[in-house]
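The two complexes that follow have chain A in common; it is paired with chain B in the first and with chain C in the second.
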Partner chain A sequence: MVVGSNSEPRRLLIIDDEAIVGKRLNQIFTKMGYVVEAHIDPVQAVAAAEQHPFDIVVTDLKMQGMDGLEVLRRVKKINPRTRVIIITGYAEMDTADAAFSGGVFDFIPKPFRLDEIKDAILRAVSDMAGDG
Partner chain B sequence: MSSIFTGSQPQGREGEGGATFSAIFRHFRRILSLNNQVLEMVADLEFALGGEYIYDRSFLKSSVTGIIEKGRQVIYHLNAMSGDRYARLYDRFTSTGDHLVDILAGGLGPYGPFLVLDWEVLHRDLVHLAGGKGANLGELVNSLKMPAPVGFVVSTTGYRHFMETNDLFTRIDQILSKESDPVGRSTRINALFMKAKVPGDLAGVINKRLKKICAEPGGAKFFAVRSSGVGEDGERSYAGQFQSFIGVVAGEVPAAIVKVMASRFSERLLRYLEPDSSAEEVPMAVVVQPMIEARAAGVLYTRDPIAPGSETMVISAVAGRGEELVSGKQSGDRLSLSRHHPFFPVTSHLAPVTGIPSGRGENGLRRGAGVVGLGVLKKLAEYGLLLEKRFEMPQDIEWCIDGEEKIWILQTRPLHVRTYGECKTPAALAEELSQLPVLLSGQGHVCQLGLTCGPVVHVDENTPADSFPIGAVAVSRYANPRLAEIVRRAAAVITDIGSPTGHLATITREYRTPALFGTGEATRLLPPGTEVVVDVEERTIYAGRVDLPPDMCEFGGFEPLAGQPEASILRRLLRLIAPLNLIDPGSPSFKLDNCQTIHDFLRFSHERAVAELIDFHLSGRMVGAKGAPLLEANIPLKIRLIDIGGGLDGTPGGAMTVNRVTSLPFRQILRGLLNEEAWDREPAPFGVKDFLSGLSRPLTMLTHTPNYAGENLAIIADNYCNLSLRLGYHFNIIDSYLSDEADDNYIYFRFVGGFAENDKRERRAVLIDQILSGLHFKVERKGDLVLAKAKMLERSHMESILTHLGELIAFTRQLDVKMADSGAVDRFFTTFLERIRKEP
Partner chain C sequence: MHSFWQIIARFFGRTDHHNLDPRQVFERFRTVLRSNNRALEIIADLGEKLSGNYIFDRQYIGESVEELITTLHDSVVALNHLDPHHQELFAVHTRLTEHLRAIMLREDDRQGPRLVSLEEVDPLQWSIVGGKNAHLAELIHHLKIDIPPGFAITTRTYHELIEYNGLRSLVDQFESLWILGDRPDELEEVRLRLEAALEIAKPPSDFLEEINQQLAAMTAKTPSPFTLAVRSSAQEEDLDFSFAGQFLSVLNVAPTPRAVFAAYRRVAASLFSRKAVDYRHWLFPEDGKMSIGAGIQIMVDSLVSGVAYSTDPGNPGGETMIVVGTWGQGAGIAEGEFPGDTFLLHKGDPATIRERNLSRKASGLYLAVEGGLIEKPLPAELQDEACLDEAQLLELGHRVIQLENYFKRPQDIEWTFDQQGRLFILQSRPLLVPVTRDLRRDLIEALKHYELLVVDRGQVAQQGIGAGKVHVVRQDTDLEDFPDGAILVGRRDSSHFVRVMHRAAAIVTEIGTPVSHMATLCREMQVPCLVNVHDILSLVKNGQEITVDTEDRRIFRGRVKELLAYQLSTSINLGATWEFRLLRRLLNSVARLHLVDPLMDQFTPENCLTYHDLLRYIHETAVITLVNMGKDERSLLRHNLARSLELPIPAGIMIIDIGGGLAPEAPTSQVPFSALTSIPFRAILRGMLYPEVWHRATMPVGFHDLMSSMLSVPTDALEGQYTGHNIAVVSRNYVNLCFRFGYHFNIIDAHCDERERDNHIYFRFLGGATDLTKRSRRARMIAEILTAFDFNVRTRGDLVIARASNMLQSEMERVLDILGRLVGYTRQLDVRLDSEAAVDYYVEAFLMGNYSVVSDE
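Moving on to the complex of A and B:
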């Protein structure tokens, strides 16, 4: 249940302009032993990542100020090892394609179940373990 | 399935009636499919409430838009089936739809225009209209069914109406901008309220309600008039900032209401609010309650504010009405009780009472001098835990007991216990859980999220709810809706069998009882009495117990999920979508004008659509059966088949054997009919009296029979079957739709007629009634007419019912002439049930 208990806890960044998504995910992943930061403003979120990079970034796609694809581009630039999971209420295949070519780890349509996001994050964590 | 009405060639020749029937049936199937789509969307919304889904407003918006659109289509198809007999449904439906859109857009909802709100409509999500106190009281009275003195609430709309009629907002804002001294401000504002008049319409609705309450038997002589601010008792606590009055006579209530409203602008509150806060902010509702003649009163904290982690709750009590306790003038008795059933007392500090001896008992508790008895304390503890579960927060509850020792809850509000330092971190809790033995893991479906612990108690639908210990973990084989009351009392509910879309699952979300259904073997793995920790999110049950953080929801600085604005909007939407008010189609209230929620509209439309279908058969409009092929089967009856699509295999010509039937429901009925054991082929003992009574029957029997009288007829499609049988002396109709979508499935069974004497016929009807009820039918019996319906069950369940119906038809064929005494009913019933049980 507790992930990364042997080493540094994984750092998780959640960006969604609807506060409830961040609140809920924060609650869940804190319980699982992650260090979680939740933001509703993507610009501030990316600024936070510049200060202290994250292992995993979960971001909404359509947001004011900066969209999820731009978030993807920026956090990958800060730390190419960061795994980015994009969540969105507007699941469109062309966006998905763009996201995948930008190096997105996974793409989850909203609304989603807890175990779907948990599963994606656990896969991202084990994927990172493979980085060596 | 798609080729039903277009591609495949009907095996029976359709006459004109057949063609019309196809059209009607097409609409009917559209209704089924739309119904199902809407119910799935509703189920998704309900799931979201259970915490398993992460959702946002755009999800709510798209769901509601879809539900409205599809609901409207259902109404269209019902009207197309019935020649626009239900055109009025459109208007009613539009009104419900408009309310939904209004709530989504942040509007006040259907009760927005009401100056005064009756208790029946109040719930936790009406804070914007009824204020915090009114909304919480509504929730505990209406949803939790707890006793609270109920009167009415002057809504924030009523308040605004009062303020605007007297031009108070503008004039107060003027004072606020000119005068900076708080004392001067409030004096001038008070003068405005003194001169203000309650507008006639508001005074009218207030007085009407006061009169009604006073006229009730034992009607109240005095009222409590309390502030119920928006925000009071909520996020920002203005507790004690507003004024409340008790012991007010009816005639003085309107004046007291104005004084309570004025306290919104008291010096204290003006100091408390931001200096530039406008007069329209922090609107005020006013709760009016009849006063209880209290013998004793007090306060219950569901956690000890001094030691929140101590698993105890604290009750203080004084003789009388309790104001002195609340205002701190008298300390009264102070007791602490375990938070766990059966709520043993832990400590007691009893105030000295003259004339009653008191002494210290061997367990350190002083005995005999308490203002209230242990029974009352335990009942209060139960209420406390239920309220805490509902609001997902420790609660601060004011209560009293009347002369008959009945407990009344006067108000409840969140108790903010802060546990800096001693608070367990989420990770520490997870670590603690990982040390416990796992009894069950990774099994079952999440119905309602939650982490809780308690002792296991096995229950079934016959367990009396009031014997179920509050706070225990209920473990049941089935998710039977009869467990609803136990769900309310339980800390968690675990079942072997059951789905998160079922009725009981909805109830777990309604009561916010953590629930995991369909684990397969919880009854085996969780023996009664075991202390367990249930973590629904992880779908894991541990043996043992952990001390959960005293403030589970504020645990780690999080707000309770149920208190989030999105959750509140979702619940308000669901209240107009999910509840079913039209339950009994036989009741006179099952009518168009009583459709309120989306579910009502769907239920009504579905019921009427089924009726249209059956009426069509009974009306005799169905013709042309003569050319339909006969079924070849080893049963002593002839059945003609009309295939309206996919009911028979496509091969032309040849004998119509049982194997060629592809209609799902008809295949199951045939399975039962073909069961040799069910047929009793010996000639029935037939008396002269039976024969004579039979002679007078055929005309009445045939009143409703269609043109194919004398023939047995099956109208079938891939998922549909309408079977009309004249078996011996009986006339049966089975109308059934069977598919993988449980919500679409139904069986309608109608049984009438018979040649035997009246009492024998009736005995046979009693027998059928009993058997059908055992098969989950809803049965209605009038003399020897039996009407039975089974709906929305899983396909496998429906299949076994249809098979048993087939057997039953064969089995009861001549029973009425054999049933010489009423004991025969029991004997036949037993015999038949044995047969049913023999099946796997």
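Moving on to the complex of A and C:
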């Protein structure tokens, strides 16, 4: 469960305009040893990623200022190796299709259990390890 | 008040659906069940989110509440479709829905009574009495802890005060400036105006009179003269945040309505004091709505008082508590103005004293004759003496541990011993432990040094971390000696665990589900809980110390103090979130069940206080409507659906299949047992056919005559004789069985499928051929037997009504089989019940399975 014990800890960015999502995920993944940054403003979040890229980005879909698909495009441009997980209360199939064609790693409908997101993040981490 | 008979009349007086085909009646009943189930699912889903095991947002809460409101409405419509006499439920739905909408708008604190006695505070009133009062009420009910008697002034009164004094628009302005957050000068100006206006506010009409009534009630119960303490109880105070010292307390107030009101408005004004507003802004920058209640309690004439921290904040994972005390009143200690004696106690079982640090106490605070407190020099012999002796410290230590176990987090407690040496708790609120960066960084490293007993096993019923000694519960009696602060480890989950939940650090079970009643109770009481932890009973031993971390589904050997410290620093944030607070308030008004007993007078629409109550009422009423269907013989037979049933006993039953109750190839008459596919009816018949229950082997003299009276319609119908057919209306999962056995009338109505909450059994028995005394004895006999099988039973004369619900299908089948045996066993027993002792004899024989006694004699 614990990552980064021998190497640099993985960097995790969480973007959701409802603050509770970032607060809670921050709590969980900090305890697991990740370096976590949580934002409610997607524009600021992407700006933070430009400063110092993240390994994994968890983003809401519908947000003021920038939607999750745009976040996906931007962070992939900054670092193509970043794994992006989209979380949303509006699980629509065509959005999901668009997300997957844009290179999203996973798509999780809200509300979800902690082990679902933990599982997705662990899969993303091992997927990245496969990149070499 | 409705009498029992009015209720029976309400349930039995109606046969309006007699023109309906029974298939239609049943289909409409199914529609009620479907919509009720959907509503209960939404409530359960919302409840599960409180466990902390989910990520959810406001959108989810809003959508769920809207769906719930619609679904409840569908249930009311469906019930009225089944029986149109329940139009009043629309008004109940509207009333409850308005309350939910008020919660969503954060305006639920404007409803309810003005004043409530602390002893009578109901959980539904928690949001209007304020956090501090709510906690005190819990202490009275759950821990039997002494608190000074008194009453609460609710937040509804605060809103009235605002309206009555023409301050509403100013408050609205304050709230919108708060949310905007970019005009601090304007906010400050409005704050000052509100503070000043409340300090001189006028009492709403009749309010002084209501205070007077509460004071009179207190005077009647208190032998000696008393004064009062008027303390704030803000909405969020004590529930998740300390708000320590943010609002005003007025001490030693004269017990007159005017003096109490004058103190109360100062407390209300302190909601807008500079320091309270700053603190609140730091805590809830996005939530400007606020209100304040107050607690009016008898002022204790204190010998010694002080503060206790159930955990040393400097060592948050450790087992040390801190007690600070001084002579007289404790106000100076809480404000840090007076030196006090400091005691460190080890939180063992029992607690032990580790350290005493005494200081010179030159003076103390005491009650002043003119009101308020006065500082008096202390006599020389008291100045250097410890203010608490060993017995007092241990008594206090025991209480402190109880409070921490109950609230599941460290507590900051104000306490006092009166002049007679009686301990009172004045307040218990969460102790905030500051988190340091080091704590998080060190956690990962520290955890490597602890042995893991369980990794990634089980399901989370409630998030949290708990450490303590294992107490294995294999049967209910193991709960008797459950130690304070232990970890309950059980084979399967049980709602009986509720008895020790307020003392348990965590619960772990080998079998169970996160949606059980126990899980719901764990969420309500915030007991960390893991279920379905395979093999846990073989991994831990009684008395062994373990730490359960449900967040990561792991269990460590020993006490992991780093994890406990980490938990303290983070869990409070979660509870503080707007979403969790909203969800808790919603569930408090949705999920609680007050209407538990359908046979009680209180089982009326007016007494539905929550959606759960309304759902329960609808379900029971729908069942009764179904039951009545079977009563109406003529209507049932009119549809030409009845076929005769061929049984090895002469029970003479007609059967009407309304869907899947008979095999497709079943003949149109003389239907054999083997062609029956109705699960509940087969179960009943199995019981009736059980060897010896129908006393076929040796029939007593006259049996044939009696039997003929049962199966035919006599021409000289006696008064009270029930004539007609024995009819069973069945589907695959349903039976409505009506026996008109000559002199008695018996209904069994049961629904039985794989969903526990769909299932019910309704049993009704009336009459008999003998005199009323013997008939009543039979009623008592049936009642005692049914009670032994966990039915909810009510008797009156020779009438017995029994109900059971929410059972697993397998359990349903077992109980229906028993009912079948009972029908046979008791059929003519009233003739033999010539004494009360005979009743006991036949009850005992039945429970022992010794059915042959009815045919032996």
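Quick note on the criterion: the second predicted complex is superposed on the first by the 132 of 132 C-alpha atoms of A that agree within 3 Å, B and C clash if a C-alpha of one lies under 4 Å from a C-alpha of the other, contacts with A are read in each partner's own complex, and residues count from 1 in each chain.
FYI, a contact is a pair of C-beta atoms (placed from the backbone, for glycine too) under 8 Å apart; a residue touches a chain by one contact, two chains touch by 3 or more.
Predicted model, so just to flag it, every value in this text is computed and none were measured.
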item	value
Fit or clash between chain C and chain B when superposed on chain A	clash
Partner chain(s) touched by A:Asp16 [first = chain B, second = chain C, both, neither]	both
Which of chain B and chain C A:Ala47 touches, first, second, both or neither	neither
First, second, both or neither for A:Lys31, with chain B first and chain C second	both
Partner chain(s) touched by A:Leu114 [first = chain B, second = chain C, both, neither]	both
First, second, both or neither for A:Leu122, with chain B first and chain C second	neither
Common ground on chain A, meaning residues reached by chain C in one complex and by chain B in the other	1-2, 16, 18, 20-21, 23-25, 27-28, 30-33, 89, 110-114, 117
Residue ranges of chain A in contact with chain C within the complex	1-2, 5, 16, 18-21, 23-25, 27-28, 30-33, 87, 89, 110-115, 117
Residues of chain B defined as touching chain A within the complex	44, 48, 51-59, 62, 426-427, 429-431, 433-434, 449, 537-538, 556, 558-559, 561, 564-566
In the complex with chain A, residue positions of chain C that touch it	49, 53-60, 63, 440, 443-444, 447, 456, 460, 551-553, 566, 570, 573-574, 577-580
List of chain A residues in touch with chain B within their complex	1-2, 16, 18, 20-21, 23-28, 30-33, 89, 110-114, 117
